[in-house]
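Presented below are the structures under discussion, each in the form of structure tokens.
Next come two complexes, and both contain subunit A; in the first it sits with subunit B, in the second with subunit C.
Here is the complex of A and B:
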């Protein structure tokens, strides 16, 4: 009886969570040029229009480059940190780990401002590499959270066995550890990629003459005649990120299962 | 030779290997987080004289201005107020959902539910915020829906471009951040404690209030922290749905840095925002420690 009320509430909450995403395709395929109800006819012309905006294509390329580089760097740093925090004990461990995880709870505008100040002072230009520096900083904590689970559920005696059998540390990592945690690494790469592709405020502060996709999207939002195309773009982005995240979740679970751990659910 | 051998021994030891492993991410965070944050602090005491020129004489003028000028004071207080409201709304709405997933969903389907809850979070933030503008707008979904049913004749104008819209949109954006820590805390609760309470004659409500809620409190406090901190610095939501009365401190920081060429004042506001966040975080962590140790005694 009480459970039924609770269940109803949870469904209403899920509708609240999904409302924006469900509305997006409705407007993307709507021929009316104003984003409002009632809907007019079905059309795919906004998707065709997207294919004609060359500045948008350049922004997508910039974002893809930034996201790939950031994901690789953040995941590499994440592997080091996750190994250090699950495998070793060293002085100041909690403090150092806490500091590395700090961007997770720091307002992003603070990270953006801090990097901008340094760039202004050093006389460097803003641009793609500045954005990458910021994105690696905010992605690393997420990769650590995922990889720590992967490393923690890994049986350390497997590595010890390899070393006892005469493998070097590096060979042990390559032959034993890496194959067992590779699903976690793929998951961390995909999550970082997704975060970087979507990140706005750091890119907004640090992007130079080449805007990232979210920064370009932000400029599109100011022009009412471009809004239907924004809806079409949003639909594509949502489909792609749901696909990516589903793949990431699949690998994360497989990683935990392969290493013999119990799934606790969720990335965070 | 002996130094090399000493170093090798050191590296083979557990703590040496740990330090070696942690150094790349730690150095990265030090160079790109600690140093820049320090630079923000120093710059907040300077004065900007040109686009890239600064008078490096240390002065407290920007802090005086930030606290004395009603504009900045109002923005700071409003950001605090909005972040507080968002936190309360988000956590209160999220708790029953976390409770449902932890207590009423079959164990093998829990991961799927958590995944369902986190999916919207991974879709474009800008687009999600913009869609709330569409939902709450003058010809928006809510208004045309209510008019369609015949509940209202005129569109409601209090939905968009004010503080309410900011709170609703942010409560949506940070929902998973609140649900996950509460869910994790609820999952840790030993179910036999609940049975014991029941056997000792507590009814469902008292059992919830006296056993479940206190044990879930660390998760609730974590949720409060993880929602409050990023919302106070949010830029996009106030800009898109807040209207002139819904702007927050991040919007002002952006304007000062990139439009008004007053980076030092922007830096001072950033420092004040950071200190506020740190105080809130510290207070909540102390509260958590006090509650958890008080429980064990």
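Here is the complex of A and C:
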């Protein structure tokens, strides 16, 4: 009895989680221009229509640029922080690491408003670089979490052994550390790329005249006739996100296995 | 060890971590070609000392010199030492041959010579033909050998071994002990071994430094260390030792007269008090195998004392007894080799313990 109750709970929970997402492809391939049941015929015209909206293409390009730059910056910062937290010992280390990880739980709207105020006060103006700054801020804790696991599962005596055998610190990093944590780095890059691509609130506040994809999507919602196209776009984004996260997780696990460590967490 | 040429000289070496003193002033000279062991319980500073020689730890005070060169400010990668790590530190992303040849990467040797050097190093440790294997597919003993080959291929002046055998099972450990010794004689390189296993240190070393709390308690050859420990603590750490309260009654030239609780009065040689003797309270140490249980009539010149078996531990080749003796506060441990015609006694049996004053070591309180 108890087991059946729990099983039902799991099903309800899964439906609650994924039913809205399943609706996306359902209506994306539906020929009716109103988002409602019953479904009409199967069509791919909404995808074709997507390819004709040039403002959308600009938004995709802006988002890709922001996501790539944010991912690279956040991962670079993440490597430094992860090395500091696993390799070095300094006073106040735990406190500092906690502080760095804080944006993970900070409401994004607060981050967005705060950044907006600072940027306007400094007279820098909103725009692509402001969005990148915000995205680096929220992506870095994720990259640190991933990279810290990668560095922690790396036996410190491997690096010492390389130095003992005549290599400088820099060469040791290149020959031993990097090859063993590269899966973690790739995973961190992909996760931050995905977060940046999806992010709406910060982008909405800080984007200038060139909206990111989520911001542009939101603006499309005001025109009901474009809703099916939004559904099509959403379908593409969901598929891409799942794909990226899967690849990221694959690299994270391979990295831990390669360094000979035990898997302890991760996001999937 | 007749022609002693120093290769490593430590003077006044200290290492502090905040208020914690890991090394409290180490003075030590190690000879070229010596098999030297740093022995002590965990936390005694032996690994820290090894790491200061390797260059992984800076000294807080004092001086480390290798082959006559002060190592102050010389990083690990430019020291003429190589290390075998406790975890072996085999690079998991490289093959066995790439691991062994790692240190040759920077040398200007032609590629073919490097390959030959790797093959020779692998053959030396008994892993000929393993070069192409993945380093992660090796057993513990094989990893150990790869780590050795990787360090020895650079022909260091000193090879540092940080508890290299502690992760192996007993059989494998015994095999590697004799193999390491053979290898050391073959290559003639100075080996410095860190270990907490006193038997391992005794078997392998030319000399042993026993360390407690960041200080060297005694530095001696295995035989001297075992037979003439400088303190009760060293005596108890190396092998087993009975300690009996005693009183030194007279010190007369080379002869010391002691009154031992339960055993009575006897005379010992001044050599048997390695840390010196004076009139006053003391304790004498005697090892279980230096005592014997009389299974027949006691000889006229032998000294014996009657007691009762309090505990029996049968090991197959040996039997360890605890014998309670009137006038002694604790039973005394006696080990006997099991031989034909020699019974194993039971608890409660009467037993007569034969002892010899020449086996005693005197420690002043």
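In this section, the second predicted complex is superposed on the first by the 263 of 268 C-alpha atoms of A that agree within 3 Å, B and C clash if a C-alpha of one lies under 4 Å from a C-alpha of the other, contacts with A are read in each partner's own complex, and residues count from 1 in each chain.
What we mean here is this: a contact is a pair of C-beta atoms (placed from the backbone, for glycine too) under 8 Å apart; a residue touches a chain by one contact, two chains touch by 3 or more.
These numbers were taken from a predicted model, which means no experiment stands behind them.
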Original post:
Counting residues of subunit A in contact, which comes out ahead: subunit B or subunit C?
Top reply: B
Original post:
Is A:84 contacted by the first partner subunit B, the second partner subunit C, both or neither?
Top reply: first
Subject >> Touched partner set for A:166, first subunit B, second subunit C, both or neither >> reply: second
Original post:
After superposition on the shared chain, which partner residues are touched by A:49: those of subunit B (first), subunit C (second), both, or neither?
Top reply: neither
**OP:** Could you say whether A:157 touches subunit B, subunit C, both of them, or neither, answering first, second, both or neither?
**Re:** second
**OP:** For A:210, select first, second, both or neither according to whether it touches subunit B, subunit C, the two together, or no partner.
**Re:** neither
Subject >> Doubly contacted residues of subunit A, that is, touched by subunit B and again by subunit C >> reply: none
Original post:
For subunit A, which residues are in contact with subunit B within the complex?
Top reply: 2-3, 6-7, 9-10, 13-14, 16-21, 23-24, 27, 34-38, 76-78, 80-81, 83-85, 87-91, 93, 96-97, 99-100, 102-103, 105-111, 113-118, 120-121, 123, 133-134, 136-137, 140, 144, 194, 198, 200-201, 204-205, 214, 217-218, 221, 230, 234, 237-238, 241-242, 244-245, 249, 253, 263-268
**OP:** Would you mind writing out the residues of subunit A in touch with subunit C in their complex?
**Re:** 155, 157-158, 160-168, 175-176, 179-180, 258-260
Subject >> Contact footprint of subunit A on subunit B as seen in their complex >> reply: 14-19, 21-26, 28-30, 32-37, 39-40, 43, 52, 93, 96-97, 99-101, 104, 110-111, 113-120, 122-128, 130-132, 134-135, 137, 139-141, 144-145, 172, 175-177, 180-181, 183-184, 187, 204, 225-226, 229-230, 232-236, 240, 250, 253-254, 257-258, 263, 266-267, 270, 273-274, 277, 281
**OP:** Report the residues of subunit C in contact with subunit A in the complex, numbered from low to high.
**Re:** 54, 56, 75-78, 81-83, 85-87, 89, 91-93, 102-103, 105-106, 136, 150-151, 154
